[in-house]
Amino acid sequence: MRDDTMDETTGESSDESKDAAVTATRKAAALEAFKDMAREPGVAKPDPILVVDKVVRRFGGLTAVDVEHVEVQRGAITALIGPNGAGKTTFFNQLTGFDTADAGTWTFNGRAMSGVPAHKVARAGMVRTFQLTKALSRLTVMENMRLGAQQQKGESFWRALVPGFWRSQEQEITERAEELLVRFKLDAKRDDFAGSLSGGQRKLLEMARALMVGPELVMLDEPMAGVNPALTQSLLGHVKDLREQGMTVLFVEHDMDMVRDISDWVIVMAQGAVIAEGPPSTIMSDERVIDAYLGAHHDAPLSDTELQAQLHDAEAELEAEIEEETQK
Amino acid sequence: MDWLTIFTTTVHAAIGWETVVYGLAAIGVNIHFGYTGLLNFGQAAFMAVAGYGLAVTVTVLNLPFWVGIFVGLGAAVLLALLMGIPTLQLRADYLAIVTIAAAEIIRLIFRSVQFKGVFGGSDGRRGFNGDFYAMNPYPEGRYGIGPIVFDERTLWLLTVGWIVVLLACGLVYLLMKSPWGRVLKAIREDEDAVRALGKNVFAYKMQSLVLGGVVGCFGGFFYGLYNGAVQPDVFGTEMTFFAYTIVILGGAARVFGPVVGAMIFWVLFVFIGNLLAELVANGYIPFMTSIQVGPIRYALVGLGFILLLIVRPQGIFGDKREIAIDAR
Amino acid sequence: MNAVPEPAESKAAITDRAAHLEGAENALLRCDELIAGYLPGVNILNGADLYVAEGELIGIIGPNGAGKSTLLKAMFGLVNIRSGTVLLKGENITNMKAHALVSRGVGYVPQTNNVFPSLTIEENLEMGAFQVPGKFKERFEFVAELFPALKERRKQRAGSLSGGERQMVAMARALMTEPSVLLLDEPSAGLSPKLQDLVFIQAQQINKAGVTVIMVEQNARRCLQICHRGYVLDQGRNAYSGTGRELANDPKVIELYLGTLAKA
Amino acid sequence: MRRAVIAFTAFLGGLIFLLAGPAHAGPADCQGLKGTLKLQGQPVNGAKISVTTEGGQPVQEVTSNAQGIWDVQVDKPGKYKVTLDPGSLPQNSQVRGGNNVRTPTVYEGNCSTVLFALEAKGAAAGADQEATGESSFWAQAAQLAFEGLNLGLIIALGALGLSLIYGTTGLTNFAHGELVTLGAVLAYAFNVGFSIQLIPAAILAVVVAGALGYGQDRFFWGQLRKRGTGTIAMMIISIGVAILLRNLIQFFFGPQTETFTDYNTQAGLQLGPISAAPKNLWAMGIELAVLVVVGLALMKTRTGKAARAVSDNPALAASSGINVDRVIRIIWTGGGAIAALAGVMLGLSQSLKFTMGQDILLLIFAGVTLGGLGTAFGALVGSIVVGVFIQVSTLWVPPELKSVGALVVLIVVLLFRPQGILGRRERIG
Amino acid sequence: GGGGGDTASETSPSSAAPAASSSAPAATKGDGTLTIGTLLPQTGNLAFLGPPEFAGVDLAIKEINEAGGVLGKPVAKIDTDSGDTTTNIASQSVDKLLAQKADAIIGAASSSVSESVVDKITGAGVVQFSPANTSDKFTTLNDQGLYFRTAPPDKLQGRVLGDLIVADGSDTVAIFAMQDSYGTGLADQVQKTVTDGGAEVVERVDYDPKAADFSAEVTKIKSKSPKAIVLIGFEETSKVIQELVKQGLPASKHKWYMVDGNTSNTNYLKMPKGTLKGVKGTIPGAAAPEEFQKKLLEVDKELEDFSYAPESYDAANLIALAAEAAKSDAGADIAAKLAEVSKGGEKCKSFKECVDLLKAGKDIDYDGVSGPVEFNDAGDPAVATIGIYEYGDDNKYGSKAIEYRTGNIAG
C-alpha cells in the first residue's frame, strides 16, 4: 500500500512486525485519548481535526440537522450512527459544501470551512463518499480511480497537451490505484465501465476512489451497506491501516458489528441533533440509543433460541390476527 | 442522367467547404457534449460571433484581416464566458434551453434594424474575404484529378480548412487522452462526484465551453470566407442541430467522429438532392415537379439520418457498450 | 473469469445438478439454467438454477457482482433471458413483462432506484397498489403501522428522503399488493438495526402467512438464520445450496462469503 | 369616429380623382407638381400656392380651382419649394401640423403630388392627441397582454404535449413542432380539401393526430425504446424526424401560407381597450379548458399518476404492475392530439404554414423549461409568462426583437430558480 | 464586394481575377452550349412568385430553341431552388449550378438572397441576371460587371407608391416593412417621397418575416391610427392583414397599399369578400400583351400571378442574344455584350426577330415584354414602368393596371 499520507508515517510498509507495532501504537494512542473523556454530546477532544458549531439545516418545516457542537478527534475512527432520517447524510452535505447550511460554522484543521465550495473542501483534505453511489458510469473503473488523485499535473489545460509532463505521475497514480483495486476486489473489473458494476461494487469503488484522494479526513456514508460480509471484514482491516497512516475516518454505518469492530468513538444523532457520544461499548448500552436506534438486540446478533422465540411471538401474533379476522 | 455531376458534386461535398465548416462546428459540439456532457445548443452563436467579428472588423472598422480573426476569436471566448457564467450552474436540460435562447438572442440582435449600421440587418455583411484570398499561394487555374476539380480559391480555402480541422482533431486527441480530458468525461457522468474529488467543476466546464466554442468559431470563419458573406439567419438553431446530428452520426466522444459524421452528412445531403433532381429532370419520377424536389430531398435526408441512427445508434466510431449503459 | 471456488470439503457445494433439483418438480417458481446479461456478448448469469416451493423462504447470498440482483431481475422480466426457462406454477414466464407478473401475484423490491423520486410517499404507495386500487386504503394502514415514519411524511416527495427512508418506501410499496411471491433485493440495506430487525421479522411473518419469499441479502447471517433454504451464488451460477443452517455453518461458505466478523 | 368619416370621404374623393385621372395621366403630358386642397372633405377654392426652385427663384404662383386642384408645370426636373399661403385659406382653417412649406422633387416626365392637409382651427389637436397618447399606452398594454395570453395559451398546449412526452419517455422531441403543424394541416385538409366546416374538421384532425401519435409510438419510438436506444440518440433521431415530417408536410401542403376557410380574417370586437376576434375568445376558452382538464387528470387520475411514475423510473413502474408501454402509448396519443389542437388554434389565430410548428418550437421549449421540466401546470404557467412577455415587451423594445425580451426573462428566471418556476430541487447525496 | 473604402479596392484585384481571366482558362471559356441556370424560389416565403418566373424563363428558352438555339446549339437549362434568406439553399444551388458549368444564372428573386450569393457567382465569372431584384443596393454593388437585372430599382417603385399615397390624400401614413434589403430599402424610398410630398410617416415598423405573429406590430400602428398603411413584404403579409382586420384597421377604414412582393392573386382568396377591396398595389413592369399571358399559360396552366414573368422572359432572351452577339457562351463575354443588345440599334421584340438581325450583322435594341430594357452602367434598366393595380371585391387585382407610370430610374 502506498498512499500520499504513507510517506510521513511508515515509509516502506513491507516490514510486517514493524507494521504491527505501529498499528498498536496508533490504536493505543486513539484509545488513550478517549479514555477519560466525558460521555456527553459535544465533548471537547484533545486534538480535534473537525470542530462543528451550531449547524442548522431546515427543509420547509422539517429541521433535518441541528447540531450544537461536535468535535472529531484526529487520527481516530469515529462512527456516526442514528436512526434513518436522523440527518447524518444531510450533516455530511453541509460539512462538505454540497448543500448550504441555514446557520452554523465549522473548522477543519483550524480553517473555517463554512461556505467553502465542495471542491475546495475536498482539496483541503476532507473527502466524502455518497450513500447513493455516484459511479462515473461511462468511465472505466481504473479511470474512476485515477480521477481521485490530487495535484495531477495533467489536469491543467496547457500541460495536458504535452504528455511528457504527466506521464510519469500517471504511472504512479495507476500503480496506487491498482493496489487499492486489488484490496477492494475490483481488479478484475479494472477496464469495465463503472456503470456496469453491481450495487455493492459501486459502493466499493466509491470508497476506493475517495481513498485515492489521499485525504486527511475521509467521511464515508454507509460504505459497507450492500458489501458482502467477507469483503467487509477485509476492508475493515484496510480502514484500520488508514488510521495507522494517520488518516482520520468519520463514517456512517448501520452495521453494528462493524461499528463495534473498528470505531474508537461513536457519535449518535437523532432528529438532527447529537444525542450521545462515547466509545462503542458504552454507547451500545445507552438506553436512549437502544430506544431510538438499536432496538431489541443491541449487543449481539440474535442467537438461534432468541430467534425461535421471536418467531414464536410473531406467529402467535399472526394467529391472533387471523382469528380476529375470522371472527369479524 | 448526368451521373458524372452527381458523382463529382458528391465527392466535392465529402471534402468540400461544408464538411470543413460543419466538421469544425461538430468538433466543438463534441468537446461540449460528447466529452463534457454540456448540452450546448448555441453552437451557431459561436460561429456567428466569429463570422461577424471578422466581417465587421474588416468591412465596418476597415481593419486588416488578421485583426478580424483575432476579434472573432475574442468574441467567441467572450461569448463563452458570458454564456457560461450564468448557465454552467444549471442542469443539463436547462443548459440546453438557455443556450438555444442565447444563440437566438444573438441572431436576432445581428439581424435587427437597430444595429443595422454595424451588423447589416438581415442581409448581413459581405466583402471581407479579400485578404484571405490575397494570401493564396496557388496560381490561378483548376486543380484536381479527373472530374473532381477545384479552382484555386476553393483549393486554398480547403487547404487551410483541412489543416485547421486536423489540428483541431489533434488537439482533441491529446487533450482527451490526458488527465484533463478525464476530468471532463467525469463531469459528463456526475458533477457532484467530481466535486467531491476536489476538482473545480465550474472551471473545467468553462474551459470546455471556451475550447469548443473557439474550435466551432473557426467554422464560422470558413463559412464567411467561402461564401464571402455572413447573414444572421444562416446561424440559426438548424445549424446547431446539424452539428449535433453530425456528432451522433460519427460517434460521440470520438476524435474523428465529427469529421466523418460531417462527410456522411454532406454526402447524403448532396447525393440525395442531386440524384433526385436528375431523376425528376429526366422524367423518371413523373408525379413530382422540380419544385417539389426541395422538400423531398430534405425529407429523404431526414429519413436517411433516422435510418443510420437506428442501424448504428452509437454512430460510426461509437462503442455499443457505452450506449448500452444507461446514463440516466 | 476466475473459476468457481473449489467445492472441496463443503457438503453444501453443488456437485450434481440433478441432486439439487430434487424436490423441484412441484416448485412454485423454478428457474432452469438461466443465461442472461446486459451488454451484448457478456453473460452475467451462466446457467443459474433455482426453485422455490410454495410457502418457502429462500435466501440468496454471494459476493458483490455475483449476479444476485441480475437473477431476481431476470426472473421478474427486467433483464433479457438469453436461454433457460422460468416457470411459475407450471406456466412459462420466461421474459414475460414485469407488469404481467405483478398481476400473477409476484412482487419485487429492487436494490437500487427503488422509489419514484418525484412522487410523494403516498403516491409511491398508490403505485404499489396500481392493480388493486380498491385495496389502497386498507394496505396503506397496514404499511403505515410497520413504518410509522411514512405516514407522518405521506406528502413528502420520495426524492428528498434519506437512504433508509427510501428503503422503507420501497419495502412498503411492494407490500401494497399482497403478493403471493415476493422478491426482495437487499431489503435491509441502509436501515437502522431496529428496522433491520423489523424487516427480517416481517419477512418471516409474511412468509408464515403463506407468501413465498426470495430474499437477496448481504446481511447474510441474519438471512440464513431465517430462511428455509439458501443459495450461494458466485459468478452467475449457484456455488452452494442447502438449508440456512447448513450454509451458515459451512466452513467454506464462511471463509468465502460470510466472514467471521459477526459471530453467530 | 369623426376622424374616420373624414378619412373615408377623403378616400372617396381620392378615388374619384383617381378614376378621373388615368385617362389623361399619361407620363409624357405631365412634368411638375400638383395637388388637391380639401377641408373636411370639401374642396378648397382659391388658396394661393407659390412654387420656387430649391434656390428660391420663383417659378409660378397658382390658386386652387373649384375642385381644390392646383397644378404647376416645370421645365427642369429637380427639387422645388412649394409654399401655401395660409392667409388665402378659408377662415378657421389651417395646415395640419402648422408647416406650410413642402420641398418635393420633380422627376423627368412625371408629376409629383404635394399634399397640404387642412383642418379646422381650434380643433385643439395638440392637447387632444396627448390625451389619447396617454390612454393609448394603457390601451396598447392591455391589447398586448391579451395577445400575450392568446399566444401563451397556444404555446401552453404545445408545451403540455411536449412535456407529457418528455416526462414519460425522457425524449426531448424536436419533432414536436411538426406535430403541431400536422394538426393544423390535417384540419386544413379536412376543411379545405373535403369542405368540412372547421369545427368538425378540427375534431377530426385532433382524433387523427391522436391516432398518428399512437402509431408513432407503436411503430417507431416504442420499437427504438425496446432496442434500448439512449435518450440522446432518440433526441437526435427526433431532429431527423422533424426534418422528414416538415418536408413531407411541405411536399403535400406546399410552401405557401394558407388559412382555414372558416372564421378567416374575422373582424375584431371591441372589448374595452381590447379588440379581439370572437374566434380568439372561443379558442382561448377551449385551450384553457383542455389545459386544466389534462393537468388535473395528471394529478388526480390513476393513469396520470402512472404517467408520472413511468417518467421517474420505468423499470420500477413495471415492477409495480404498471403496463409501461400502455401508459406511454396513451401519453403519445394524448400528446399528439393536444399538439394537433395547438396547431389548429395557431392556424386559426394566425395562419398555416409548414414551418409554423418549427417557428414556435423554441417558445414551447422556453415555456416548458421556464415552468419546470415535466410538470403540467409548470408548462402552463411558463408558457403564459413567455407569451405575455413577448407581446408586452414590445411596448419598449422593437417588435422584431420581441422574442429577445422573453428569452432574456427565461435566462434570468433560471438564474434565480434553476429548477424553473414550479420545478423542485433535487436532493444530493 | 461592396463594403468600405480600401478593403473594397483590395478585394477587387484578387476576386476580379477569375472574371478577367475567364476568357483564358478552359472551363470558363465556354463549351459551345449556352447553359442557363435558374435560381428561383421553389420554396420559402417568395415561393408563390416562383411559378411565373420559371414560366417566363421556360417560355423564352422554348422559343429560343424553336428558333434554332444559340450558337447553333439548343440552350440548356438547369432549374434550382433559391429558398429564402432563412435557409442557405441558395448557396448550395449555386454550387451545383457552377459545378454544372452554368454560363449565366437567372435569379434570385429576393434581393436578400441574391446578395448572399452574388460574390460567389460573379467570383466564378458567371453572369447573374435577376428578373426581380429591386433593391437599390445592387446599383452600387461591386459585381465586376457581371450582375444585371430587368427589374427596376425600388427608387422608382418607392417614388410611384409614395406619390400615389400622397395623391390619395393621406397625410398620416404607417409603413409596415419586412426587414431585409428589399423591404427596408423600399420603405426608405416610400418614406422619403411621402414626407417630401407633405404627409407624415407616423409609424414605421420593420418586422421580422419569420415572426410567429404580428399582433404586437399591429398594436403599435393601431395606436397611431394612420390614414394609410403601406404593407411591404412577401407572403407573410396575409398574416399581417388578418391582424389588421382583427384589431380594427380594415382596408375600408384605412387605405392599404401593397407592393410587388405581396400583390398577389393567390394569397388572399380565402379572406371574406371585400377584405381587400380598394387596396392598391404596385408591380414593376409595363402592360404585357394579352397574347404573352396566353403563351405563359401554355407553359404553366396553373399560373395565377404574373409578376416578373415578363422580366424573366426578357432576361433569358437577353442572355441568349448577348451570347449570340459575343459569339461565345462564356459568362464574361455575355456580360460584355448585354448592354449593347439592350439598346442603341435596330429595335426588335422577340428572340427570333433579334437573332435574325444579329445574324444579318446589325446592331440591335431588344425591347422586351417588360419594357424597353435599356441597361445603364450598373446593369440596371435605365427606364421602367410601374403598374398600379387595385383589388376588387373578390380579393384579386385585375390583370390590367389602373395606371402605369413610366420613369427614369435616375430621376
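We call the chains A, B, C, D and E, going by the order they appear; numbering starts again at 1 in every chain.
As a working rule, a contact is a pair of C-beta atoms (placed from the backbone, for glycine too) under 8 Å apart; a residue touches a chain by one contact, two chains touch by 3 or more.
If you want to know which protein each chain is, UniProt gives these names: A, C = Branched-chain amino acid transport system ATP-binding protein; B, D = Branched-chain amino acid transport system permease protein.
Keep in mind it's a predicted model, so treat the numbers as computed, not measured.
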Query: What shortest step count links chain C and chain E in the network of chain contacts?
result: 2
- line: Relative to chain A, largest Cα-centroid distance belongs to chain E
Message: Based on mean C-alpha positions, I'd like to know which chain lies farthest from chain C.
response: E
- request: Could you name the chain whose Cα mean is nearest to the mean of all protein Cα atoms here?
  value: B
Statement: For the pair chain B and chain E, the C-alpha centroid-to-centroid distance in angstrom is 33
Task: Take the average of all CA coordinates in chain B, do the same for chain C, and state the distance between these two points in whole angstrom.
output: 51
- line: CA centroids of chain A and chain C: separation to the nearest Å works out as 27
Query: In chain C, which residues are in touch with two or more of the other chains?
result: 38-39, 160
Task: Would you pick out the residues of chain D that each touch at least 2 other chains?
output: 250, 255, 398, 400, 426, 428-429
Overlap residues in chain E, where contacts from two or more other chains coincide: 42-43, 47, 179, 206, 208, 210
Statement: Per the touch rule above, chain C residues touching chain D in the complex are 76-78, 97-99, 102-103, 108, 110, 113-119, 123, 126-128, 130-131, 133, 157, 159-160, 173, 177
Task: In the complex, go through chain D and note every residue touching chain C.
output: 302, 305-306, 308-309, 311-313, 315-324, 374, 424, 426-427
- prompt: Touching chain D in the complex: which residues of chain B?
  reply: 86-87, 89-91, 93-94, 96-98, 100-102, 104-105, 108-109, 111-114, 192, 237, 241, 244-245, 248, 252, 292, 294-299, 301-306, 309-310, 313-314, 323-324, 326-328
Message: Using the touch definition from the top, list the residues of chain E that touch chain B in their complex.
response: 1-8, 10-15, 17-18, 21, 25-27, 42-43, 47, 50-51, 54, 78-81, 83, 85-89, 91-92, 95-96, 99-100, 112, 115-117, 119-120, 123-124, 137, 142, 179-181, 184, 206, 208, 210
Field: Residues on chain B engaged by chain A in the complex (per definition of touch)
entry: 171, 174-175, 177-183, 185-186, 188-190, 192-201, 207, 211, 321-322, 325-327
